[in-house]
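Dropping the structures in below, format is C-alpha cells.
Look for subunit A in each of the two complexes below; its partner is subunit B in the first and subunit C in the second.
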Partner chain A sequence: MKKGRYVLKRLVRTIPIVIGVTLVTFLILHLTPGDPVRIMLGPYATPENIAILRAQYGLDQPLPVQYLTWLGNIARGDFGTSIRYNRPVTELISDRIGITVLLTLSGLFISVTLGSILGILAALKQNSWLDYLCTFQAMFWISIPGFWLAIIFLYIFGLQLRWVPIAGLTGFVSLILPALTIGLQEEAWFARPMRAEMLGVLNEGYIKAARAKGVRYFQVVVKHALRNVMVPMITMLALRLPWVIAGSVVVEVVFAWGGMGSLLVNSVLARDYPVVQGVLLIIALSVVAANLFADLVYSLVDPRIRVEGGKK
Partner chain B sequence: MKRIICLVLMLGLVFGFSGLVMAQTSVGIALQVEPSKLNPITYQDTETGFVLGSICDPLVTLDEEGEFIADDSVVESFSVDETGSEYTFVIREGITFHNGDPLTAHDVKFTFEAFMDEELGSPHHRYYTGIESLEMEGDYVLTVVLSEPNVTFLTMSRLRNHVLPKDYIEEVGWEGYERNPIGSGPFKFVEHSPGNRIVLEKFDDYWGKKAEIDEIVFRFYPELSTAIMALETGAVDFMPEMPAEEFMDLQDRGAPGLSFETYQKFEDHRICFNKREDSEFSDVRVRQAVAYAIDINELIALTRGDMAIPARGRIPSFHPAYAENANAYDVDLDKARELLAEAGYPDGFKTAIYAPAGYRERVQEAQQIQQQLAQIGIQAEVVTLEWGTYLDVTAEGEAPMFRERWSAGVPEPIGFVESWHSESSWNPIFGTYENPDVDALLDEIMQTVDSQKRWELYRELQEIAMDDVADYPLYWPLIGEAFNEDLYIPDNLWNAFRRPIYYINYWSYQ
Partner chain C sequence: MEELLKIEQLQVAFSTEEGPVEALDGVELTILQGTFHGLIGETGCGKSVTGQAILGLLDNNALIKGGRILYRDQDLLRLSPRKIERTIRGKEIAMIFQDPGSSLNPLFTIKNQIEEAIRLHRKAPAEKREEMVLQALKQVKLPDAENLMYRYPHQLSGGMKQRVMIAMMLACNPKLLIADEPTTALDVSIQAQFIKVLKELKEKLSLTVLYITHDLAVISELCDYVSVMYAGRIAENLSMRDLFKDPRHPYTIKLVNSVLGATTTLDQLEEIPGSVPRLINPPGGCRFHPRCEEAIPVCSQEAPPLREIKANHSVACHRR
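Right, the complex of A and B next:
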C-alpha cells in the first residue's frame, strides 16, 4: 500500500519533468532555422505552394498555440502525423522501437555482464597484471568514438573476414557487432565501480567471518559480496540508459539498422516536428521509468533501504 | 516418425530457398536515404523516384540521344501541334495495372490532375499550371491543351514518369497508395519494412520487356562507408549516384567483383551570387573578378579527380544547346584585381561563401575558392549550414555567394536557364537577376518549336548571361557507377537520358 502511494507520488513528480523536456525540445526545434515545408518542397517551391502546405500542417499558427495543441493531442494519445512520412507518428515509432530496444538491451547486457566479470576479477587480483589489463582495456574502449569503432568492426569482420553480412538487421549474427560496439563502449562504466565497490566489500568483517567459517571463496564472492555491490550497479544502470540510447543512435546509422535513431536523425534534418517531439518524448519517458524502476529495485536488493514512509 | 518427415521436409524447404537465392535472381540496391513516402506526386528525394520508377510506367521515354520516343511507355504515339500548345497522347491498349485494372487515358488524365492539385502539394506543381484543359477522345486518347505555347512541356510535365491507377487511388486514398503502391511497371511492390528494406518482385503480366531479375531489394545505408562495404561484400549489387571520391577509390584499387561505368549527368555545379542592390555582387565587375580568380581545374582535381568536365556556360557539353563561345573566364588574377579596383574595391572586401554541411565536396570547394579569392583581396568566410537552414538562408538573400548544384529535367535544358528570367519564381532564390534581353530570349525559346533554332537561342542566351556572370558555372560532373561484375546492364542505358536505375527490367545476370 505504502509502496503504491510512493510510486504514484513519483509518477506525479515526473509530469513536470516530461513537460519540461517537451517544452525545451519544442523551443529548440522551432527556433532553429529551417522549415519542414521548404525542405519537403525543395528549391522548386513557390511561396504560394509553401503557404498552402504550412497552413495544412498548422505551421502558420503562433508558436504557443502550436505547442498547446500538440500537448493537448498528446494527452489524448495522439502524437500527430509526420510531415515527411505522411504517417501517424505512433505508427512510425512502433515500427522501429523494437529494433532500438533490442539494440539497447543487448548492448546493456553485454556491458553489464562483461563489466561485472572484469570488475570482480580486477578486485580479486588487485594490483596484479590482470587488474592493470582490465583497467587498460576499459579505458581503451571508452576512448574510441562509437561511430569509428563501429566502422572498424564492420571493416574487419564484415569486409575482410566476411563473418557477418553488411545488410542491416538480417538475423542473430547481424546483432553481434552492433551490440558489441555499445557493450564495449559502456563496459568501463560498470567495470570501474564494480572493482571499487568489490574492494570495499571484500575488506568488510563479515567477509572475513564467512571465510573463517569455511565457506568457499567463490560462494563468498557471489552470495555475500556481490549482493552488496548491486545497489551502486543498479544506480549506474539507470544513469547510463540515456547514454546507451544516444550511443545506439550512432551505431544504428553505421550498421544500417533502421531504428528510432535513424528516424530521429532523418526527422531532425527534415524538421519533421511531430516525429522529433514524439521520439524525444518516448526517450524521456523511458529514462524517467528506468530511474523509477531502479529506485524500486533497491529495496528488493537491499532490505535496509525502505521506500519513503516505510517502517524504519 | 511423422516428426522426422516433417523436419526433413522443412530442411528441404530451407535449402530449396537458399538454393534460389544462390541462383542470383535478386538484385540488391543500396540507397543512402530511405524513401520517405512512396507517393509519385509529392516525393522530394531522388531515392523514392528510383523505387517508383520500377513500379510505374512512364508517359513517354527518351532514346539515348535524348529524343522523345514511345518505346517502353504507356503511349503508342504522341504528337504536338505546330504551335506547341496541344499535346495529344494515344494510349496503348492492353496494359494492366498490378491489380488487374486496365490502364486507359482516364488514368493519365487523373495523374495530370493530381499534379495540378495545389492541395496535394507536389513540388512539381508549377509545371502544370499552364494546362488549360485535358480533353478525352474515347478511352485511349488524351489531348492536353496549354493556355500558351510551351515547347518544354514534355520535359517538365510528363508526370515524373509515373502513370497512376485512378480507380485504385480513389478507392484506397493517397495514404493507402503510399502503403501499397501499384502501377503498370515491370516490377510490383511486395513490402516496405521501415528502416530496413523495400522489396519489389517481377510482374509476370507486364505488357513490355519482361524483367529477367525476379526480385529487387532496396536496402538503406545512411552511412556511406557501410554502403560501400556492402557493395564490396556483395550484400548489394548496385548503388545509384555513388559519390565521386568513393567511386575513384574503388576503381583505383580495382575492388574485386565489381565493374565500373561512367556517364555525364544532366547537372551542373556553380557559384551563385546575391545580386540585390545592397550586395557587393550587384556590380557585374565584382562577379567577373571572382570568375577570373577561380581556378576550376584546381577545384575539380581536389574533389573529383577526373570525374568532371570544366563548364562553359551552363548546359552540359554533350547537349546540342551547349554554348562553346560563352565566356569561361580563364584564370587571370591581374584582370581580376583590375576589375575589383574599377568597381571601387582596390583592397578587396569581406564577404562569405555558403555551402550545405552534408555535401562534402561543396564544402571543400568553398574552402578552396576562399583561398583563391584571397589572392585578389576578397576575404570570404566559409559558412556551412545544415541543409534545411541553408535553403532558408540562401532563399532569403542572406548569403552573398553560395555553392549550388542543379539537376535539370531531360532532355530540354530549360531547367538550367529558366531561373534567369526576371519573373521566374526561382529568380529571387538564386540571388535575383534581371536582363531584358535574357527575358526576351527565354520567352522566345518557349515558343520556338524548331529545335535547331531553339538550340541557337539557348547559346545566345548563355553567352549574354555569362558576360553578366548571372551565376558562375564550375563544372559538369561525371557519375561513376560501381556494380556487381556478374550483372549485365545494356550500354544504351549508360547516359543521362535513360539511366540504368530506371530500366532494371533490362538487367540480367551473366
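Right, the complex of A and C next:
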C-alpha cells in the first residue's frame, strides 16, 4: 500500500517536468534564427511559394497556437511530418531508435562495469600503484574529446590493423569500437565515485562488526559494502544517462551508423522542426524516465527510503 | 582458573602524518576463563587498540612491533589474516563496538544479520535458524522479538541496537567477547538496562568478557578483574576487590578517588592534575610521572616494569 502510494506520488510529480520539457524543446527551436521553408526552397523561392508552404506546415500561426497544436498531436501519438523527408516523424524515429538504444546501452554497460570494478579495486588497494593507475587511466580517457577518440580508434583498429569495419553497423564486431569509445569516456564517472563511496563505506562500523563476526572479507565487500554504495551509484547512473546519449549521438555520426544522432544533426541543420522536436522530446523523456526509475529503485536497495511513502 | 587469553609485551605503533605514534608500549594482561575482565583508562590510552589488536582488526596504518597474544596457547599475532578470519573471528572471539548506531548494516534486517552469524559458525538446518535468531534476541531481553527481527536497524533505538549487537555476537557462540565501550553512546537509564542484561548473561552462560570502558562505575558492577591502562601501558592489573580496597599505583588511586559515589560529595572528589599525554611524543620513563605527586627522579628516567606483588595483582611503579 505505502509502496503503491509512493510510486503514484512520484509519477504525478513527473507530469510538470514533462510539460516543462516539451515547452523548452519547442522554444529552443522556434526562438533560434533560421527558417525551414527558406532552407528547403532555396535562395530563389518566391514570397508566395514560401507563404503557401509555411501555411501548410502551420508555421504562420502564432507561437502559442503552434505549441498547443503540437502538444495536442503528441498526446495522440502524432509527432508531425518531417519538412525535409516528408515522412511521419514517428516513422523516421522508429527506424533509427534501435541503433541508438543499442549503442547507448552497450556504452553504459561498459562504463558501469569497468568503472565499478576499477573503483572497487582502487578503494581496496588505496594508495597502491593500482589505485594510481586507475586514477591515471580515468583522467586520460575523460580528457579526450569523444569524437576525436572515435576517429583515432577508427584509424588504428579500422584503417591500420583492419580488425573492425570502419563504417556502419554490421554485426557484433562493428559494435566494439563505438561502445568502447563511449564506455571509456564515461567510465571515470563511475570509477571515481565508486572509489570514494567504497572508501567511505569500508570505514563504517558495520564493516568492522561484520568482520568481527567472522564474515569473509570478500563477502564483506560484496554483501555489506557494495550494497551500501548502490544508492549513490544509481544516482550517478541516472545523472550520466543524458551524457551517454549525447556521446552516442556524436560517436554514431563518426562511425556512420545512421541512428538518431545523424537524424538529429541533419534535421538541426535543415531546421526540420518536427523531427528535431520529436528526437529531443524522446531523449528528454528517456532521461525523465531514468530518474523516475532511479528513485523507485532506491527504495528497493535502501529500506530507509521507503518511509517517504506516506504517513505511518 | 584457566587462562583464556594472555597478552604479553604487546607493542603497536600507528604511522600518522605527524610521525609514528606508539599507541601500545608493552601491554600485559591475562584474562581468566569465565571472568569479566575490565580494561579501564582515559580516552586515547590505547584500550580500543588493544581490543582490536586481538582480533586483527587494526586500521591499515597500524604496525604491530612486538609481543604475543596467546589464545589457548596459540599466538594470534602469528596467524595469517586468512586463518584469523576463518578460525578465530566470531567462532572463538567476537567483539561489540562503541557506537551501536553504525555497527549494524542499515540495509539488512536484524534477522538477516543474526542469521549470517549463525550460518557461519553453527551447523543448523535452515528451518531451525529462525528459531535460533528468536532465541538470541530473547536472550538479551528484547521485547516482541517475533516482529523485531524483521525490522531494520534504523527502526530501533540505540539501546535496542546494542542488545541486537550482543545477540548477534553471542549467536556466533564465541568463547571470548570483547566489548569496546558498549555503553558509552547510550543514555544512563539505557546503560543500566544493558548492564543488567550482561549480568544475567554472565550468570547464565559463564561468558568470558573483556570489557573496555572509561567508566569505573560500570566496571565495578560487572567485572571480576581489572587492568588499568595509562598512555599505552598497563599501570596495574588487579582484582575488583583490590581496586577499591588495595589500589597501589598512584594513577589507580587517583582514578578511584575521582569517581563520584553515593556517599562522596563534590568536595571530596579528587581530580587528577594535568592531562593525558599525547602519544606522538610521550614523556620518558614512567609516562605518568609528570602528573604524579609521588614521582622521584628515577620515574622520569626509567619505565617501571610490571611487578607481581601478590596473586593476580601486579603494578608498574617505582615507588611500590
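Keep this in mind: the second predicted complex is superposed on the first by the 304 of 312 C-alpha atoms of A that agree within 3 Å, B and C clash if a C-alpha of one lies under 4 Å from a C-alpha of the other, contacts with A are read in each partner's own complex, and residues count from 1 in each chain.
Just so it is clear, a contact is a pair of C-beta atoms (placed from the backbone, for glycine too) under 8 Å apart; a residue touches a chain by one contact, two chains touch by 3 or more.
What you see is a predicted model, and the numbers here were worked out from it, not measured in a lab.
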item	value
Overlay on subunit A: subunit C relative to subunit B, clash or fit	fit
Which of subunit B and subunit C A:Asp302 touches, first, second, both or neither	second
A:Pro33 touches, of subunit B and subunit C: first, second, both or neither?	first
Touched partner set for A:Ile142, first subunit B, second subunit C, both or neither	neither
Which superposed partner A:Phe255 touches (first subunit B, second subunit C, both, neither)	first
Contacts of A:Lys208 with subunit B and subunit C, given as first, second, both or neither	second
Subunit B or subunit C, by number of subunit A residues touched	B
Included angle at subunit A between vectors to subunit C and subunit B, based on C-alpha centres and rounded to the nearest 10 degrees	160
Superposed arrangement (fit on chain A Cα atoms) - minimum subunit B/subunit C Cα distance in Å	46
Set of subunit A residues, in rising order, touched by both subunit B and subunit C	none
Of all residues in subunit B, those that touch subunit A in their complex	28, 33-34, 36-37, 39, 42, 44, 118-119, 121, 123-126, 174-175, 178, 194-197, 219-223, 225-227, 229-230, 232-233, 235-236, 358, 385-389, 391-393, 395, 425-426, 429
Contact set on subunit A toward subunit B in their complex	32-36, 38-49, 52-53, 56, 84-87, 92, 95-96, 99, 147, 151, 154-155, 158-159, 162, 165-169, 253-259, 262-263, 265-266, 269-271
In the complex, subunit C residues that touch subunit A	55, 57, 60, 85-86, 88-91, 94-97, 99, 101-107, 116-117, 120-121, 152, 154, 165, 168-169, 172
Touching residues on subunit A, where the partner in the complex is subunit C	126, 204-206, 208-217, 224, 227-228, 301-304
